[in-house]
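Heads up, there are several structures right after this.
First chain A sits with chain B, and in the next complex the same chain sits with chain C.
Up next is the complex of A and B:
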């Protein structure tokens, strides 16, 4: 006799059959139960004796259902391959406990799975199946309801939001004694729409003010919006594609109404992933005319373009960086935050493991809204606490609001002597204001055209570049300003010249045959004698590669400091000289590096 | 000159071809079944930085199994990678041998070749037993193991044992080892499409799709996986 099945269980099965696509099917079918994912999960590390926390075990909860109803071997020989259907609401509650309470969808297991099983994706699908029949943690239901009904996941009313923005505008005007600082709302024709996490409006409005100050001093034509300002998306966490699509569409529509060319997403891991990557899929929207970027990229661009000036010595407390799972593993954003941090902080310490191998803050996947699982979450944060403690940093920076909350909680729980900040806090704190916006590569007081004729007299400059034309060009430029110029066509000869001739300044190309400029730079920075030798990187773009990006990844991986300056070809002679003056003005005298 | 018995001739030729044909048909059906499910599409613009894209991500992902240093799971437990590699190598060698014995016996006729094959199979058995022991002893792995997981592993260990006996191809001495080996091979070929052993059919698909998505978003290829895990000494 067929076993009776509850209405909910029946609906879950029907919906599973509708929702499985090829990627999910393959992830469900491909697992070989090798168990290599086990120790990659922070829950397992905190609960080593409980196999129910292992990623493959958790994944099997849905996999058994898949095998029982979709997989043909599972339907033919269910016992043999571990297929099992669901019949009761209690079984669905048990599934809820696993997919909401024992997994943050961080995706670390997938990066360490030999078969490429994407567990986070189908864990999200399992959440969606349960949400569809009303089975979910209460907090998840509340947040989703707020996002559907009020338009943001913290239920911030429009009036309160606008009042907060106005308040922050007044704060900024007072702080800088400048009534012209504005936080525009619904400004038609703005180039850029800035979208935020409602947590900022509700609990942390200073980040809105800080971002506004950065936009103001960068001279940006920007605006916030009165509707569609929440870039977070609970659809990512509760597996509801319809909610995901509705939230994303609100943001896109707001930008279209303004006529903006760019949506800037404040520092929020899941908001960034949802708005930029998943949103177009859920909402079935193509956005050919609107670019989307994280505010990390925006701030970095402002600094690189010289639109804002920063002084890293203002942030001298040791800091470390926590990679948000959604940023690093699901969106590949690992180098840009580090590049920005190195520009605005003077003591950055890498955390291990990091980037795509980092451990979750344990507050991801909507965990912060599920109070019933808080003890479990904090227990699982042990590995994260150990990671943080090992850095010796006093501040942990993260570019995600969930991570801010998750890390703050665990810092308190494990009594770490640390605080959590975001990149916007650090950039704001390092801002040099008010000043006309000089280029950061050339932050000198000497205006173009006012450089003294023999400004570099008495200095020895070594040009390392494999292109003879470039060497000749730079030689003429430096000689014209009185410098003694040495040349080297490759990195090895450059090394010899540095040892023998003791130049005051080195210009270094990155792309060279045999030994690259990166390698030489690394060797110099490792060498006690030459670690402070002023070096200006002068490089160009390859056809398919961007050496600057690669270089920054390289120095980030090696943990070596930024060069004294960075210039891109084609070479602007004024800029080269201005940079050289700037760098030599702060150099360590030659006798100290010999 | 020794004349092969009709039974062995059947086992090493007709039976193998029939089993292979059966396996191919089931695999074709299986791939057709996979392709019936629509692939999720990525509408968003690529977000990867220069040098990374979906194609590179997919290629990297497909090669991931050959990059044990890129996965913390293998990096932290290199012996498991050795187990994986040796075991799979032994299985591949035995599959190859099932073709060489009937159709090109001279290629593995030398004593050195026989000893080399037997050594590979013996190493494969050892690794298989270690894997089986882990499946039985480790509560995490035991909790996820199905009868198919145990049977598939045991089947391969037994099959590798038969491979050792069959490797000399000494039919003139006794046909029994060869008969055991070829009947087991035929069973293996018929059973594989219904078991977890068919994971290699899924591997290219699952890795391709994961890599394509992560590559398009810039998370793959990993720039320097070793540096992510530990500070460089």
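Up next is the complex of A and C:
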């Protein structure tokens, strides 16, 4: 007689048949039980005598089900390939204990598997099967329901979120004694939308203020949003693709409504992976006009472009860096945070192993929400504690809010003399805040949004750009403000005009045929006569081509000083004029030099 | 509090003297006579809308629920809404996580909620997409059952209800519901 099956077990089997895709199929079929993954798992290292923690053992729980219902070998020879179905809710509870309580989806085992078995992907799938029938740790249910119904995974109500942002704005204004520092909300036409982890609004709002200060001093046209502001995504952790799609769509729809060109994702490993990498698939959304980047990249760019100044001697306490699993193993982001760290901290010490081989903070995969597994989690954190202790650092920096919580918990448990911070804290602390320019030195008073009609009268501006349209456009803009405008279609002609015409200001495109703008810039800066000539770099960003980044590497390598300003295409006419006025600042117009 | 970033026009259809309206808004912040909460049998408020009820409504709602104790599958109970803008909350216990007889249970739940609203002479009542989202009721089934049951109740009798609101949380849900509402009521 056929064994009876609970409705939940039946639904799990039906769901498995719908959800198994090629990637999962390969991982399920590929394991040769070589055991190489075993020692890679932090749970195994803390429980060497308990085989139920071994990655292959855990994987086999789902694999048996797959063999019993999908793989032909299991259907033909179930006893031979270890196929085994599920029948009762107790068996599903047992599976829950494994997939939620004994694996953080950290992927460390996968990186060390010769067969490329992706444990985390099918562990996530197994979680999704259980969630489908309502079997999950209570904390997982709480968070998922908050995210579905309130729109963020910590159930922060709109009024509380807005109040927190306002409070941070006031803090910043007090701190810098500057009422012009704003944290804009829902500012239509902003270039950049900054999205955060609700943990920031609820427990750690200083990171919002710090990021806001960085945007402010970088002169960014940015905003936060009153909905779609949570870039985290519990769908990644509970295996619910529909929740994953819903969360991602909220962020994308908010950014589209603003008209933003870029979504910046604050430091959060799973949020970054979900929003930037998985979200477009889950939500079936195409975002051709919006770039998404981690705030790590944004901060790095600001420093490289000279938009913010930092002094690393302000962060002299020894620091180490913890790679979040999602950032490093799943998204390959290992070098950028280190590059940024080296720019803002003077004593950085690597932790070993690191990058893709780093150990999980043990709070990954949503583990921090599963209170019932906390003792297990903290036991498994032993290896992480040893790694941290060996660095001798006093601060561990990580670019993930989950890791902040996981590390804080284990530091307390293992009594380490350390605190946890994020890159934004370090960048903020290293900021050299520009002193406002003394008013007397500015020849033309420019109120925001209001530029005097002939603000550049008497000045000679040379536009070097190979694109005729750009030259014409800039000519019209500068002429309109009274400047005399010279043009050069390439670097060589530019050189000649500089020598013959002695312009007061040069705008220089970097990407030009024959001789590049960077080469010309280098030659000018080497030349005693022109080394102080005001130069504004005006260049475009392609999706893959990053001329400004290249330029920075170039000038850093050659040890040449920064140009007076950078502007990005498409060109904003007001910005061009404001920049020109600022750069020309104290210069006397060429037509007044005797 | 700042306004709404993503503003979407409400979709409205009149059935007899009752207006059926689809909006994207914040269910537990609506100034309505009552809104529906998709409840558990033990009446625990939990997270999500339950969390918002506790934060915005205060302790009063939970106290009333404790006094009631529990609710059967497909049935509904009513409490006041504490300090919220709404006056009442209808706690309707619907099916969850693909349990057997999903459709029949959902129909009963919807019917119970509408009838309870009617019995308490509520004029404006707001519904979330019943069981969709966390509890996994498929969107198609949720929309079909909700719209059919609303139509049935409105056709059946003289009702106190002047406005039935279907309140979705985001643009994605709104996009999925918009045409369904428009088509269903013609």
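One rule holds in what follows: the second predicted complex is superposed on the first by the 434 of 594 C-alpha atoms of A that agree within 3 Å, B and C clash if a C-alpha of one lies under 4 Å from a C-alpha of the other, contacts with A are read in each partner's own complex, and residues count from 1 in each chain.
Heads up, the rule we're going with is that a contact is a pair of C-beta atoms (placed from the backbone, for glycine too) under 8 Å apart; a residue touches a chain by one contact, two chains touch by 3 or more.
Keep in mind that what you see is a predicted model, and the values were worked out from it rather than measured.
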- Item | Fit or clash - chain C, chain B, common chain A | fit
- Task: Go through the superposed model and pick first if A:225 touches only chain B, second if only chain C, both, or neither.
- Result: second
- Message: Tell me the contact category for A:54 with respect to chain B and chain C: first, second, both or neither.
- Response: first
- Message: If we overlay the two complexes on their shared chain A, which of chain B and chain C does A:145 touch? Say first, second, both or neither.
- Response: second
- Partner chain in contact with A:132 - chain B first, chain C second, else both or neither: second
- Message: For A:489 in the superposed arrangement: first (chain B), second (chain C), both or neither?
- Response: neither
- Have a look at where A:257 lands relative to chain B and chain C in the superposition and call it first, second, both or neither. second
- With the two structures laid over each other on chain A, which partner does A:540 touch: chain B (first), chain C (second), both, or neither? neither
- Between chain B and chain C, pick out the one touching the greater number of residues of chain A. B
- Query: How far apart, in Å, are the nearest Cα atoms of chain B and chain C after the overlay?
  - Reply: 18
- Mind listing the chain B positions that touch chain A in their complex? 33-35, 37-45, 47-52, 61, 64-65, 71-74, 76, 80, 84, 134, 138-149, 194-196, 199, 202-203, 205-207, 209-211, 213-214, 217-220, 222-225, 227-232
- Note on the structure: Touching chain A in the complex, chain C uses residues 1-6, 26-27, 29, 46-52, 55-56, 96-100, 128, 133-136, 169-173
- Complex contact set, residues of chain A against chain B: 20-27, 29-30, 32-40, 44, 49, 51-52, 54, 56-57, 60, 72-73, 76-77, 79-82, 110-118, 276-281, 284-287, 328-335, 350, 352-358, 544-546, 549-550, 553, 557-559
- Task: Spell out the part of chain A that touches chain C in their complex, as residue ranges.
- Result: 7-8, 11, 132-134, 141-146, 148-151, 155, 157-159, 162, 185-186, 225-228, 243, 245-246, 249-250, 253-254, 257-258, 283
